[in-house]
Amino acid sequence: MPIQVNLDVMMAKRKISLNELSEKVELTLSNLSILKTGKAKAIRFSTLEAICKALDCQPGDILEYIE
Amino acid sequence: MNKMLKALYVLAWILFIGLCIRTGVILVTFLISIGINPEASSNLYEGLDLSSVMDANWVHYTLITGLIISIWALKSWMLFGVIQIFQKLKIQDPFHFSISKKITQISHVALLVGVLSILSFAYGRWLVDQGLMLNHFSESVRGGMEFLFMAGIFYVFAVIFRRGVEIQQEHELTI
Amino acid sequence: MNKMLKALYVLAWILFIGLCIRTGVILVTFLISIGINPEASSNLYEGLDLSSVMDANWVHYTLITGLIISIWALKSWMLFGVIQIFQKLKIQDPFHFSISKKITQISHVALLVGVLSILSFAYGRWLVDQGLMLNHFSESVRGGMEFLFMAGIFYVFAVIFRRGVEIQQEHELTI
Amino acid sequence: MPIQVNLDVMMAKRKISLNELSEKVELTLSNLSILKTGKAKAIRFSTLEAICKALDCQPGDILEYIE
C-alpha cells in the first residue's frame, strides 16, 4: 500500500477514541476501521473534510505516500 | 415504493402456492389414472381430458402428461426463485452476487419452460392430427413464446446486475 | 456474453416486426370487414373467425376486434421499448436514467397488456356463453397472467435499476 | 469546497502538462479535469498514488483542507 492512512497516529495525538471519531465524523465503526486498516479503495472528499475538521489537521497528516 | 414491492412479494407467494397446488393435483390424478382408475384421465385438471390419448397409447399419454407436469413444476420453481430474490433484496443495497446467480438461474428455467411449452404444444397438435381428442390441452401449455421472451429479459437483467455487483463493491469500499 | 446480447437484440427485432405485421394485417382485414366485405370477418388473422359476433351485433364485434388490435399494438410497443433499451445499453456502464425510465414504461405497458388480455378472454367467454362462435379467439389474447407477472418483474427491475443509477453516478465521480 | 485540490499548483512546479500527467497517471483528460476543478466526490487511493508518483510529491501537496 504505497498510500498509507495514518489515522491512528493523528487520533493518538488528539487523544480521540474510535467511538468519539465515529460520532463526530458520522461514519460507522466498521467503515472507519476499513479506512484505518487500509482496506478502503477510495476516500470521499466529504469524509476527508469531516476527519480533518474533527482532528483539526490537514489531509497530509492522514494520508502519506510511501515509495 | 416499498409497499408495491411487498404487494408483489405477496402476489408471488399466491401464484407460487397456486401453481404448487395445480402441479400437485395433476400429479395425483395422473397417478390415479395409471394405477387405480383410468377414468381419471378424462378430467386430470379443470376439464383437461386426455382419455382419448390414454386409450390409444399409454406411452404418448405418459409423455404428454409428464410434459405438462414438468412445465408446471418448473414454473413453480421459477416463482420460488423470484420469492427468494424478494427475500434477499434490499433496495438501498441491491447488488449482491447471490441474487445475480439466482437471476441467471431463473433465466435458464424460463428458457426450459418456453422450449418445453412450445414442444408440448406441437406434440399435442400432432396427436390431434392423429385423430385423438385433447380437451383443454392448449391452455395447459400456453405462453411458450412469452416464457422464451422472459428468459431473454432475465438474461439481460442478469448481465446488467453482475456489473451492478462490481460497481457496488467499489462503492462499499469508498469511505 | 456480448454475442448473446446481440442475438437477443436481433430476436427482439424479429419479434417486433412479426408483431407489427400481425397487428397491421388484422387492422386491415378488420377495416375491410366493416367497410367493404363483411366476409372478411370469418378470417381476420390465421383462422380467427369472429363472423358470428359480427352477424349478431356490430358493437360487440368492433369492441372485441378493437381489444385484440390494441393488445397486439401494445405488445409491439413493449418490444420496441426493449429494442430501444438494447440500443442505449452499454454493459460496462449500464445504469442511466433514460433506461430506468424506459423500463418503468415497459412495466406499465405490460400491466396494460395483461389486464386487457384477461378482460378480453373473459369477454370472449361471455360471448360464447351467449351462443356465439369464436374460432381461434383465445390464442389471440392468451398470456394475460404471464404479462401481469412480467409487469411486476419489470417494476422490481426498474426500482433496482434506479438505485444502480445513483450508485453509478457516485462511481463516475470517484476518480 | 473545504477540501481543495491543488493539482494545478503542483503541475506548474513540476512543469508537467495535463496531457503528460494524463498519460503517466493513466486517467482520461476528462477525469483529470473533474478532479482539478473540484467536481469529483471521491478519490481512489490508486489515483492518489499514481499522481504522487508522477509529480514526486505527497498527498498533502495536492489536497488541502480549508476551514
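Remarks
Each chain gets a letter, A, B, C and D, in the order it is written, and its residues are counted from 1.
Here, contacts are C-beta pairs under 8 Å (C-beta built on N, C-alpha and C of every residue); 3 or more make two chains touch, one makes a residue touch a chain.
Model, not experiment: these values are computed from the prediction.
Centre-to-centre, using mean CA coordinates, subunit A is 55 Å away from subunit C. The distance from the centre of subunit C to the centre of subunit D, with each centre set as the mean of the Cα atoms, comes to 52 Å. Between subunit A and subunit D the centroid-to-centroid distance comes to 20 Å (mean Cα coordinates, whole Å). Residue numbers of subunit A whose C-beta contacts span two or more other chains: 40-44. Those residues of subunit C in touch with two or more other chains are numbered 170, 174. Taken as a graph of touching chains, this assembly forms a single closed ring in which every chain touches exactly two others. Every pair of chains in contact is given here: A-B, A-D, B-C, C-D. On the side of subunit A, the complex with subunit D involves touching residues 1-3, 40-46, 48-49, 52-53, 57-61, 63-65, 67. The touching residues of subunit A, when paired with subunit B in their complex, are 27, 31-32, 34-35, 39-44, 47. Residues 170, 173-175 of subunit B are the ones touching subunit A in the complex.
Taken in their complex, subunit B has these residues touching subunit C: 1, 4-5, 8, 11-12, 15, 82, 86, 89, 91-92, 94-95, 138-139, 142-143, 145-147, 149-150, 152-157, 159-161, 163-164, 167-168, 170-171, 174.
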